[in-house]
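Next come two complexes, and both contain chain A; in the first it sits with chain B, in the second with chain C.
Then we have the complex of A and B:
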């Protein structure tokens, strides 16, 4: 098949058949990213392959550095971001963990690095499939963290990520999580916007007087000890709080410019008259939506809520939404060994977000789809049944259930 | 129309681009008829190894909702059409991990179609395909299976010929007209449009009844429940092999009983024990340690372990002592040394002669490029054939 003509200069929207990974690489072209660093690990490597191809085709003009390890890879973008370059980086599973020292300081130094995490189980034992524990590891550090569920959403969210991360009110790094295989490797038709519109949406990255430059003599990250550190943490905390509003603004304007309007933080599906809902993140949405439609045909009042931004956590949104239901089943594609109720990370966060409410729904936890195991429609029906039973049996069983484990 | 799912079974690396182009072509052609689709590879197959059976899929539906169910699966539960891009895959699909051996038609639904690119007769193919339990159609797209390398794409029109054949076998997917339009747009070649049409016109189809085919049960693995698995991610290692046999002369190494390899190859070595110089080079170079050393000091390629890479033939200094022969010419995986002993020199030479002669009918090695300029020569030939 002949290659498509270069899109770099094309201003009109067009359709492309691309995977979630390719969509994010395409977003790099649209956002005119300056520096991209790479180190291969599956499934993230599909992004770097596509970036390399876009550069080879003359569609993307950037510094593309294939590093000697993930640690160097993330260090490089951190420094590039400090001197004012728009950057993109990414990894998966233990690759992401290998870069962790750099990842930690990136948030502390308020550098708006945008990263893609192709979710993958943490080896050993070796497994390429999706598990959310890799990306979730940044949840306490000051990284913005989101999950996308289609290639279109991957492209759109990447554009939003640069805009919000580089907003001077925020200046925080942002990780876009994409489920390995189901999103990173599936090709769908994606609407690729024209570059002019994107430029209208994402202003140039301007670090102002924080930029590392000879004309602006500064030192970044001196030793601070107990004299300064708590205040620095508080600044990051405030930036994360502000990010909430900046995200809402960005989604509003994204809709105005590109015509695709979405709720920024959560997606509600068939919830209007629902009595119970499942909650989850990422491509889990697909089998759940299919199951919800099937059960609704049988008269069951069930719905689904997809959490899109995990950091900042949509606390108010979920409080308002979930307090309408009798029971909530939270599906985690992650684990948190030894946590309260031996539940998943999302389960415990949601339960904690609901605690201040006078009227709390029952919350049941499910751990499913680890290591990329498929979550099938019957699994979803099963989880909905178990959630319902909890209410019928007097909410005694607000515990964690493993779904799809061989026993 | 509900969803229509198409599976493309192919040889890893050598046919990866071909499979991808076909799946993308399906999505584009379906779009011509107002349908949406997705194309994806089976995740566990990648990173691909040379020749290992692998799969890609295209799923087409009327709307987003119908498509949704397919987007969170590694492979559909059943497909309307399976396309086998190499006919030796009819013996079964054994990919990496614990899938076992999947019959090539495993996912084909009742009255669905298996399309095979092949020069074999339908009868020969049916003999090697496992029984399905339901009737299905076997369609043969006549031609040598198309193989290329990692970085080159053999533009011999197999891509568009498969699309043309699909519109015949599965009219609910799209019409020939949509294929022609797509080929024109995506490939920009009138010659390719003609190839697609000709494939549509010439496709041979034969109904396969449930009782027909290879009666063997494809091997599979029993996966343990979590309570019964050893803790600490520990699995048993390969047990000790037979070691020395017949005194201290022969040697039979240990092999993994779980991972057989016979479905991963499209060719196998035929060893001529009567001309072998016992130099041991094949044994030294075989990447998979396939050679059992016989008490006579001969080297017997263990056909259950051989991946068909052809290195033994490359390194053998005696012309004709090892010949790579197309897998389609074999029905079992027994030891050639045992055959040699049982049949005696004359009988064995007849057998070797038959295989080597029959191999000539298949032309080149079935995969890869082995000398400079081979791609160009073959391309010219293939284009001529297509015309």
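Then we have the complex of A and C:
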């Protein structure tokens, strides 16, 4: 079951069949979270149902507050974090947007709140299914932002999230995005580590001289105005830059302690000899990987790259990786109305990251799977064909293609 | 529930503590009674206190970077977040103490908000906080009867007819604010039967204010205080009359001093005398005509306000608290 040495009396890990949401609830137990606040909205709220059960059964010792709104929910953890409590929170779709005022200031205050976003389309018109626009809305604010694609990765990333967010070199909030239904609700076998090992990995949260307490009577977030705001924003920018290295360090040590080694920022699949690749985030990796295997059987040199951390953006990693290919098709499960080339958010970020390179691959944009619509294997083959055609025809007027839209 | 501090009731002005925890450094207007309310509140609560402050005059005019007046730890919270800020802070402290991550000790948690932040935007969060009986916290609503910081706009607690920048008297509409002031403390006291302490007060009665803060903090659980604070800028009068106007608000019966402790209601100070008839209410005109915000009032407008106040004192089940008629249809 495990390659790790048996540590005297320490339970190393056990296999469990759990969903992505349950995996993150488990991580709350392992990380000994102090304050959790909840408000119902599908699909993220499954995590809070598990949390509630873990508390009721005495497996998790924390303050659990069912708030009157997402705004209050996020404000509460923000303030709990300021007095030194480890916190967890989450939301989906319009709930995440309802909390947005709190979300913006949490980053401005450098409070290491860890949140789960169960990605959901933004009503109206009503849709519960996955769309990435909810979580992406924090991309400019100073939140660390990651997409996970399996329940195991959800659990592991949550542990990494507390460690990195609470690192004094970082002190930034972190959002873990999990595709609604495809990950929040689907069960997989997950290796759940023992609590002792997790304690080795995540040190206690220590806010030092920034903690709000009568022994440390500081004033937090006074009016700074034009006098100081730029300096303070720049500090947040520096923290985000440092987060890159702190994340790399955390993944390294995670591998050392738990034996699961992964590249922190991007995952490459069948790219060694690939000529063209698709790029995307979240659970679309599954159908894309299946399609890539099928097309490879037919002799096509295609691969896939999954972007794991969106903030900080893996610019150098993607520059290095993507410059090897002739063409790149970016699959966005989001939209950015009126953006350059009317492309998705990831598409435009990637194009921008590649711009400084002397040798740039062609980049083609796809918008697919909105509102939870399934991205099927034929859709993937279609996107790969279109990407190839763009290179063969030498087209430079990059277009964005909506996949599977009924006429 | 974590333990509470022992803060005794202050008997007489000579026994008011010397130490100040809200000092110089702020730049509120001359005669600002909200600033005085905070000073008295901080004095009463003492050093082992955390204050959360919502956006508003008491944030913007109070906590300029490098010149904070707060001696106790203070943190900004969003305009509608007093309830959630207090709850989150109290929850954080409680979890950390229970899990022995910090020293177990009673720490006062007070969230301050204005009428805009508390009575309008943050009402839901305050209501939720008052149901969280496991946490010790105080929501302190300072009511200057407008969104003052943004240049005096009408709020849910502005008086009927008041001239504000969103309710200016004009040629066609003399009265732009046709809403009656919300009965905030009454609504919160009756709506949250598990909340053990709700009170109203006014800066013109500093001992009343300080003792109510102490009662709230020593009663425990979630508690609420609503203070009426004359605001020279928003009410348009010479700052030297702040204290007098607070007294007139109470003596005309427009503002009622009371407390509800463990479901027991007590009228306090002059309000008690008005209720038991040992003192007569002054005409509201004496209060209204001292303020520029009512300068456009016709005699009919003044009589309308007087009638409403008379009704409150004669027809309400409990004057100033419960607006139902004093009989139940069965």
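What to note about this one:
Just so it is clear, the second predicted complex is superposed on the first by the 394 of 407 C-alpha atoms of A that agree within 3 Å, B and C clash if a C-alpha of one lies under 4 Å from a C-alpha of the other, contacts with A are read in each partner's own complex, and residues count from 1 in each chain.
Just so we're on the same page, contacts are C-beta pairs under 8 Å (C-beta built on N, C-alpha and C of every residue); 3 or more make two chains touch, one makes a residue touch a chain.
Please read these numbers as outputs of a predicted model, since none were measured by experiment.
Room for both chain B and chain C is found when the two structures are superposed via chain A, with no clash between them.
For chain A, the partner that touches more of its residues is C, with chain B and chain C as the two candidates. After superposition on chain A, the vertex angle at the CA centre of chain A, spanning the CA centres of chain B and chain C, is 90 degrees to the nearest 10. Of the two partner chains placed around the shared chain by superposition, neither chain B nor chain C is touched by A:257.
In the superposed model, A:185 makes contact with chain B only, not with chain C. Applying the stated contact rule after C-alpha superposition, one finds that A:197 touches neither chain B nor chain C. Of the two partner chains placed around the shared chain by superposition, chain C is the only one that A:212 touches, whereas chain B remains out of contact. Closest CA pair between chain B and chain C after superposition: 25 Å apart. On chain A, the surface touched by chain B in one complex and the surface touched by chain C in the other have no residue in common. The touching residues of chain A, when paired with chain B in their complex, are 1-2, 17, 19, 42-43, 124-125, 128-129, 180-182, 185-189, 283-284, 286-287, 289-290, 293, 372, 374-377, 405-407. Across the interface of their complex, chain A is touched by residues 47-50, 52, 59-60, 63-66, 68, 70-78, 80-81, 83-89, 91-96, 98-99, 101-102, 107, 124-125, 127-128, 132 of chain C.
Against chain C, the residues of chain A that register as touching in their complex are 32, 34-35, 37, 61-63, 65, 67-69, 71-73, 75-85, 87, 101-102, 105, 204, 212-214, 216-225, 227-228. Those residues of chain B lying in contact with chain A across their complex are 21, 23-25, 27-28, 31, 36, 38-41, 43-44, 46-47, 65, 68-69, 71-74, 159, 186-188, 223-227, 233.
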